[in-house]
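Next, two complexes with chain A in common: one pairs it with chain B, the other with chain C.
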Partner chain A sequence: MAVCTGCSLLCEDIELTLKTGAISQVKNLCRKGHGHFQALFTERIVPKIDGQEVSVDQAITKAVDILRNAKHPLLYGWSNSALEAQRVGIDLGKKLGATIDDTSSFCQGILMELVLTGKLPTCTLDDVRNFADTSVFWGADPSNSHPRLLSRFAYYPRGSKRQKSYEEERNCLVVDVRKSATAKLCSNYFRVPPGGDADFIASVIDVLDGKIPKYGDKKRMIELGTILRKTEYGVIFPGVGLVYALQDKIELLKTLVAKLNEITTFKVVPMVEHYNMRGFNQLLLDDSGSINRVSFHSGQVTHGPENSIMAAAKICDAALVIGSDPLSSLPFGTAKSLAGVSLIAIDPRRSLTTDAAQVVIPSAMYGLEAGGSAIRMDGVRIEFEPIVKSDLLSDEQILARIKEEI
Partner chain B sequence: MVGAMEIYKLLPTDACKECGYSSCMALAVALLNREKKLEDCPALLNPKYADKFKKLKELLAPLEKASETGLIIHPEKCFGCGNCVVACPVNVAAEPTRCGIGLGPQGDRVILAVEDGVVKCMNVKECRRFGPNKVMCNACTVTCPSKAIEFV
Partner chain C sequence: MQVVVTVVTFRDIFQNEAEKKSRYSEDYRKLSAQITLDKQDMAGLGVKDGQNVLVKNDVGSVVVAVKASEDDSHPGLAFMVNSPWSNQLVRDDVCETNIPGFKGISAQVSPSGESVTQISELFQRMKAQGA
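On to the complex of A and B.
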């Protein structure tokens, strides 16, 4: 049995049959996870300095030189590494006096902070399977982003209190700007215009208060209010769509959840994309009091938007990017700034960032070549063992060596 | 997926009854259920219906890929989400502690399983749609987000 590290569901029921150089057969792995594992055999990288192939030791030594001489180093990525590597990474950040940030900074960060600090009630996915009768996917399309979420936890499985499952006992609501693949399956779909989520929430609160909603189709909103009121155990899965639409108005979601909890039980489980983003947020929160955007410069711990990847990329003079591809995913200005500094990339696979990096260090893929542990999207710790023997160093070993040499 | 009316429109519609059915619509349904072949309609073999015969051949070609229960899987559309695996009542009965609670099956008594990232059909005789006393179950098709599974 292997653990898939393709998304934050960390599916543990994967059966792999291997032959030399490829996966010959794999059971229970979704298409996304299959692509994730298959790329292991097609998109590998070799250690490089300035485009020239070198040994791993030379690449690590060069990375140490760059980081040691940097005045404002930036450590970024982390969401695709095991907890053990993240732990070493935070210690390395302290040692270097570096700015440290992860992908949650421009993704689910503001929502994750509310969940991890206990300001939003949350539950595990096993609770969702066993007790939930209403799942609300808001600004999220799990059929594409987390393909097995509906089948493993949220809608189709039979739980201890939900034996009749989707046929009679479960509702699945989708609130989204488009009729996504998930919206086609759900029992009720509510369309919102882009950026209209705040108004929609205000209308839901009005309906729950027994008032006439100001926004949207009144009949449909009252229908939604009735479903929510009748719910025994509800779960909201907010996606990046909702987080981007709300931004500064995230308090509205808190108000809605508080209002729902006055009537019945409602929990929030953020739709985390990368497999261990929540793990990094939790570790950094325990360590520094903030989930991301932390600077250890001059021995002082500071937190704020000035330490986010967007701002830090413009002032840093060296960056270590681990398990992420910021040059593809970040806005052009930030990507251009990052590409201009001394860039060290640690990744199991080729990406635009590894192509542009000054130093490239290949690492073993967690879940397949390296063991460790990670935090699932609902906060449950999942351990995994290596399935394939590999000579490559894991993220943890690479970072430990860098830390030691510094 | 092709419907009986589409097939009917391309048949001679002269109700000659030489195929053994009382109307061309009945033949269209039989063709859709793969109980008859195009060659069983003698009128269609007439050269004046050559174009229609050719179009019907093309129209009915996808049905040849269907299983005995009429299930057609389009692997290129499949997400591998496993909704059908968990929703299938036969799968749940075969492995209640696996498929029943959302996990992938381990044994070989199930009808649907996800292999290499896409759904695969096996043990077709266990399907509720198999045989003359079939139940028109559609748990696997209604739970598919990408319409990768359909019945004829």
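On to the complex of A and C.
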């Protein structure tokens, strides 16, 4: 059995046969996971300095030179690295006096902070399978982002308290701007206009209070209120759609969840995208008191939006990017800023970021070529072993060497 | 001819799979460099499914292919898969939370006779202006 590190479900039941250059047989991989495993064979990279192929040792030495001479180094990525590598990365950040941030900074961070600090009630995915009779996917489309969430945990399976078929025992609700693939197969879809989530929450609270809702289709909102009131164990899965819509109004979600818990039981499980984003957030929280956006500059620990990738990219003079492709995933202006600094990319595969990097250090793919551990989207720790032999260094080994040489 | 739309980005498993094979592949470009428009907006622009349009705002511009929406009517609302193409249009001067507006991009759409923007061109824009 292998563990798929293709998303934060970290599916542990993958059976496959690998032959040279291809996957010959596979069981239990979703389309996304299959793509992730196929990535083992495509767009692999070699160590480079200024576009010229070098040895790994030379690339690491050059990375050390860049980081040692930087006044404002930025360490970014982390969500696709194992916990062991993240631990070394945080220690490296302290040693360098660097700013450190991860992908949560521009997606689920503000929500994850509420969960990890106990301000939103949460549960495991096994609890969802065993107890949940209502799952709400809000600004989330697991059919495309976490393809096996519904089949393993949230909708279709039978659980200890959910022995009947899903049509009888589980409600699956979708609140989204777009009629997504998940919305098409769930029992109830509620459309919100872009940015209309705050008004939608206000309407849900109104109907739970027995008032006429101010926004939306009144009849459908009352129907929604009835479903929520009859729920025995509900779970909200907020996606980035909800986070982006609420932003500084994220407290509204807390208010709604508190209201729901006056009536019944409701939990929140953020739809974390990358397989170990939650792991990094937990490690950094335990270490610095903040889940992301931390600076260790001048030996002081500070936290704030000025340390986010969005802001730090504009003021850093060197950046180490690990397991991430910010030049593809971030707004053009931020990507442009990063492309203009001394960039070190540690990654198993080619990307716009490795193409722009002054130093490229190839790494082993976790779960495939390297073992380690990670925190699943619901907080459960998952261990994984490599399934193929590789001479490539893991993120942990590369970072340990950089830290040692510095 | 021009229509003003709010672009909402989303995830697509087929594009994700293509990305895992190669970010530089034709499949990835086809599945990324497209905009889903309401049929009313398409009629207003005089474009059909598969034709190219220029999507631009004060942040940047890209030429992408049109995909006709199969959803209920949503004029003024467009969808793009999250990708380097959509990110050309996303503002980076953000509010206090420092979270970019990936889900509410204001843009103008007009018919285009140009070919779809290549990823190599997007990369050159970053490098040229980042240098």
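Here is the rule we use: the second predicted complex is superposed on the first by the 405 of 406 C-alpha atoms of A that agree within 3 Å, B and C clash if a C-alpha of one lies under 4 Å from a C-alpha of the other, contacts with A are read in each partner's own complex, and residues count from 1 in each chain.
The rule is short, and it goes like this: a residue touches a chain if its C-beta (ideal position, glycine included) is under 8 Å from a C-beta of that chain, and two chains touch if they have at least 3 such contacts.
Please read these numbers as outputs of a predicted model, since none were measured by experiment.
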{"item": "Fit or clash between chain C and chain B when superposed on chain A", "value": "fit"}
{"item": "From chain A, separation angle of chain B and chain C (C-alpha centres, steps of 10 degrees)", "value": "70"}
{"item": "Of chain C and chain B, partner touching more chain A residues", "value": "C"}
{"item": "Chain B versus chain C as contact partner of A:S143, first or second or both or neither", "value": "both"}
{"item": "Chain B versus chain C as contact partner of A:H34, first or second or both or neither", "value": "both"}
{"item": "Partner chain in contact with A:S151 - chain B first, chain C second, else both or neither", "value": "first"}
{"item": "First, second, both or neither for A:R381, with chain B first and chain C second", "value": "neither"}
{"item": "Which superposed partner A:K336 touches (first chain B, second chain C, both, neither)", "value": "second"}
{"item": "Which of chain B and chain C A:L327 touches, first, second, both or neither", "value": "second"}
{"item": "Partner chain in contact with A:V243 - chain B first, chain C second, else both or neither", "value": "second"}
{"item": "Which superposed partner A:Q25 touches (first chain B, second chain C, both, neither)", "value": "first"}
{"item": "First, second, both or neither for A:G159, with chain B first and chain C second", "value": "first"}
{"item": "After fitting on chain A: smallest Cα gap, chain B-chain C, Å", "value": "7"}
{"item": "Interface residues of chain A shared between complexes with chain B and chain C", "value": "30-32, 34-35, 143-144, 147"}
{"item": "Chain A-facing residues of chain B, complex", "value": "78-83, 85-87, 92, 98, 100-106, 113-118, 143, 145-146"}
{"item": "List of chain C residues in touch with chain A within their complex", "value": "6, 8, 10-14, 16-24, 59-60, 71-72, 77, 79, 82-84, 87-104, 119, 122-123, 125-127, 129-131"}
{"item": "Residues of chain A touching chain C in the complex", "value": "30-32, 34-36, 38-39, 42-43, 105-107, 110, 141, 143-145, 147, 177-180, 191, 193-195, 240-241, 243-245, 247-248, 293, 305, 308, 310-311, 325, 327-340, 350-352, 355-356"}
{"item": "Contacting residues of chain A [partner chain B, same complex]", "value": "13-15, 25-35, 129, 143-144, 147-148, 150-153, 155-159, 166, 181-182, 184-185"}
